[in-house]
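Letters A, B, C, D, E and F name the chains as they come in the text, with residue numbers starting at 1 for each one.
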Amino acid sequence: MFHLTVRDHVMIAHSLPHPAFGPAQNLHGATYVVELTLWRETLSEESIVIDIGEATDVLKRALGDLNYRNLDEHPELAGTLSTTEAVAKLIAERAATSLGDRDLNKLDVTLREHPDAWAGYTMTLE
Amino acid sequence: MFHLTVRDHVMIAHSLPHPAFGPAQNLHGATYVVELTLWRETLSEESIVIDIGEATDVLKRALGDLNYRNLDEHPELAGTLSTTEAVAKLIAERAATSLGDRDLNKLDVTLREHPDAWAGYTMTLE
Amino acid sequence: MFHLTVRDHVMIAHSLPHPAFGPAQNLHGATYVVELTLWRETLSEESIVIDIGEATDVLKRALGDLNYRNLDEHPELAGTLSTTEAVAKLIAERAATSLGDRDLNKLDVTLREHPDAWAGYTMTLE
Amino acid sequence: MFHLTVRDHVMIAHSLPHPAFGPAQNLHGATYVVELTLWRETLSEESIVIDIGEATDVLKRALGDLNYRNLDEHPELAGTLSTTEAVAKLIAERAATSLGDRDLNKLDVTLREHPDAWAGYTMTLE
Amino acid sequence: MFHLTVRDHVMIAHSLPHPAFGPAQNLHGATYVVELTLWRETLSEESIVIDIGEATDVLKRALGDLNYRNLDEHPELAGTLSTTEAVAKLIAERAATSLGDRDLNKLDVTLREHPDAWAGYTMTLE
Amino acid sequence: MFHLTVRDHVMIAHSLPHPAFGPAQNLHGATYVVELTLWRETLSEESIVIDIGEATDVLKRALGDLNYRNLDEHPELAGTLSTTEAVAKLIAERAATSLGDRDLNKLDVTLREHPDAWAGYTMTLE
């Protein structure tokens, strides 16, 4: 199985209004360093999983309207808890839709929020 | 599948008294940078795998009596070969016990011992 | 000359309301990974620049009321442009005050805001 | 399941002569930081997956004739597209052959080509 | 003194045809991760050393005709030894020219060529 | 001014028997990732500060008898406090002696002991 990862980042504000989150209930923010990994059983005729430039564009489009934003006011996230896990899932689903049908087996989006914590979402593609 | 990783570190002394280990048979030491990763199929009602603060505490407790210690004299490791793999398994089992029953599917503990080598142990939870 | 660095991080929200900042005029956020470096000509009697635990505490206190906050509403930053450079200077001055008189020659605070950009402030101590 | 990773690097020139690769059709180069990961269900009698020194040697031998080379003229790669994925597979197959029969379950070779892109190949061993 | 760093990378081929370089006399290549650091005594009216976007553009322009190239055939480098140090100086001088007169005190360009080696060039600006 | 850095690492045991060090008074250990940086005003005729291979050898020799050792029993460190700062100075002085007279201006040895702390020693050469 082959795999390819591309990386980008976004800088967002948000709050996590649930008592479980302690001080993170306040409006604060994060630099999310975002890794998109794609798996494929056999390579394309160009001997790649997918072109790195194209994967980078897929990720950039999936991140576009999150960057330099307050997620508390984002139409797809307002009223939800925009945890790292939930944001990873949103980005993963956007990337999967954007990629369409390409013989990919699996996709993962991981968000590194600080040097000592990161989270992600892995989905099977068919 | 969702996943969450938290990271901490310990500074330990030990020796590996078996001819296979060459100079590492001497008493020496390591900074182990330790990553605990947890997998879960669906998120909790707070939209998380588990609270980052709580995961960090689980890891810190699992590491507590190893930090600033000579593993050759540690009650659970004396008389054994405290290889990176064996220490990873010990920490993973402690973390699993400490986490108890939480709908987690899998757990991994990885120990980075220097920039060019790391090892770990992955266990299925039920 | 000896030098010692300790590292911590904060997660903040802010906006940069000046046309020069383009999309960063929006409310957004950052994980600042913060490095405090201290220089000293000769070591203390304990053969150190300063105790790592103490340096870590100095940094943590300097960061305390910034973490999980919206800097736009922070008493010392409201009405100013809380650029990385300006926040680095605030933290450096707080650390210098907190350290007091210790034979230190120089102090630097560097804030890493994303993998491709960081900034800081260096001050001479006497 | 236990896992062990060792890391090395090579500095190579190559070109990717297919229109899909845009400017990378030119002769250019890369530092590939190469990670070899091995998985094993139970540890050896020395409590390891495999000796770190031995794994490092396996990787170094697999990389030996690629380092400081133009891959366009390498006998095993000339006339092919030496993409990161294809080079990862070549190194993985060499490492697998070199390792022989050792109760290993799986092997992965990942090549980091720049801070924002990496790729690899995972193979099951029996 | 304030400082700001931005980072980018290029992927180049080259050879170092001098007996001192051993196997690096062969045509090979490198990913250079390039850091441009600027120092300034006092901040601009926008509370910055220089806009991060602008610094990133300065660096990208300085790197533009080096990326995806064989430095042995580059007009400014052909016939010279394109060591990491020499390439750092070329990029630093280009960045200094491109920046022009901006109250900057100092500029450094550092090229990371693999995880265990990097080099750079620092120049005073007036 | 040009600068070159090479990196290696050692794995050591030691204790810091002074009340200031709290739990680090116990026998424990560290992976020190060691960076040796050299500065030079003008390049050699090979357009380098010093050959990377040679700098790497200088560092390796300076580290040789520290690796896989208990510093408490090392002839040059027994009876002293082998703090990160003191070990950095020992390595720096060894490297300076080993380098001899080479038109170098300055030398720094930095030891990274864990992800959140590092220290070093800078010396002027003549």
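Throughout what follows, a contact is a pair of C-beta atoms (placed from the backbone, for glycine too) under 8 Å apart; a residue touches a chain by one contact, two chains touch by 3 or more.
Remember, it's a predicted structure, so these values are computed and weren't measured experimentally.
Measuring centre to centre with C-alpha atoms, which chain is farthest from chain A?
Chain F.
Rounded to the nearest 5 degrees, what is the angle of the rotation relating the C-alpha atoms of chain B to those of chain D?
120
When the contact pairs of C-F are compared by residue number, which of B-F, B-D or D-E has over half in common?
Duplicate interface of C-F: B-D.
Note whether the interface between chain E and chain F is symmetric in residue numbering, meaning over half of all numbers used appear on both sides, and answer same or different.
Result for this pair: different.
Let me have the rounded angstrom distance from the C-alpha centre of chain B over to the C-alpha centre of chain E, please.
Inter-chain centre distance comes to 40 Å.
Any idea how many Å lie between the Cα centroids of chain B and chain C?
Comparing mean C-alpha positions, chain C is 31 Å from chain B.
Suppose each chain is reduced to the average of its Cα coordinates; what separation in Å results between chain A and chain C?
29
Got the chain A residues that touch at least 2 other chains?
Within chain A, residues 7, 115-116 contact more than one other chain.
What residues on chain D touch chain A, complex-wise?
Residue list for chain D touching chain A: 18, 20-22, 80-81, 83-86, 88-89, 110, 115-123.
Per the contact definition, I'd like the list of chain F residues that touch chain B in the complex.
7, 9, 11-14, 23-24, 26-31, 33, 67-70, 113-116
Give every residue of chain C touching chain F within the complex, in rising order.
1-8, 43, 46-49, 51-53, 56
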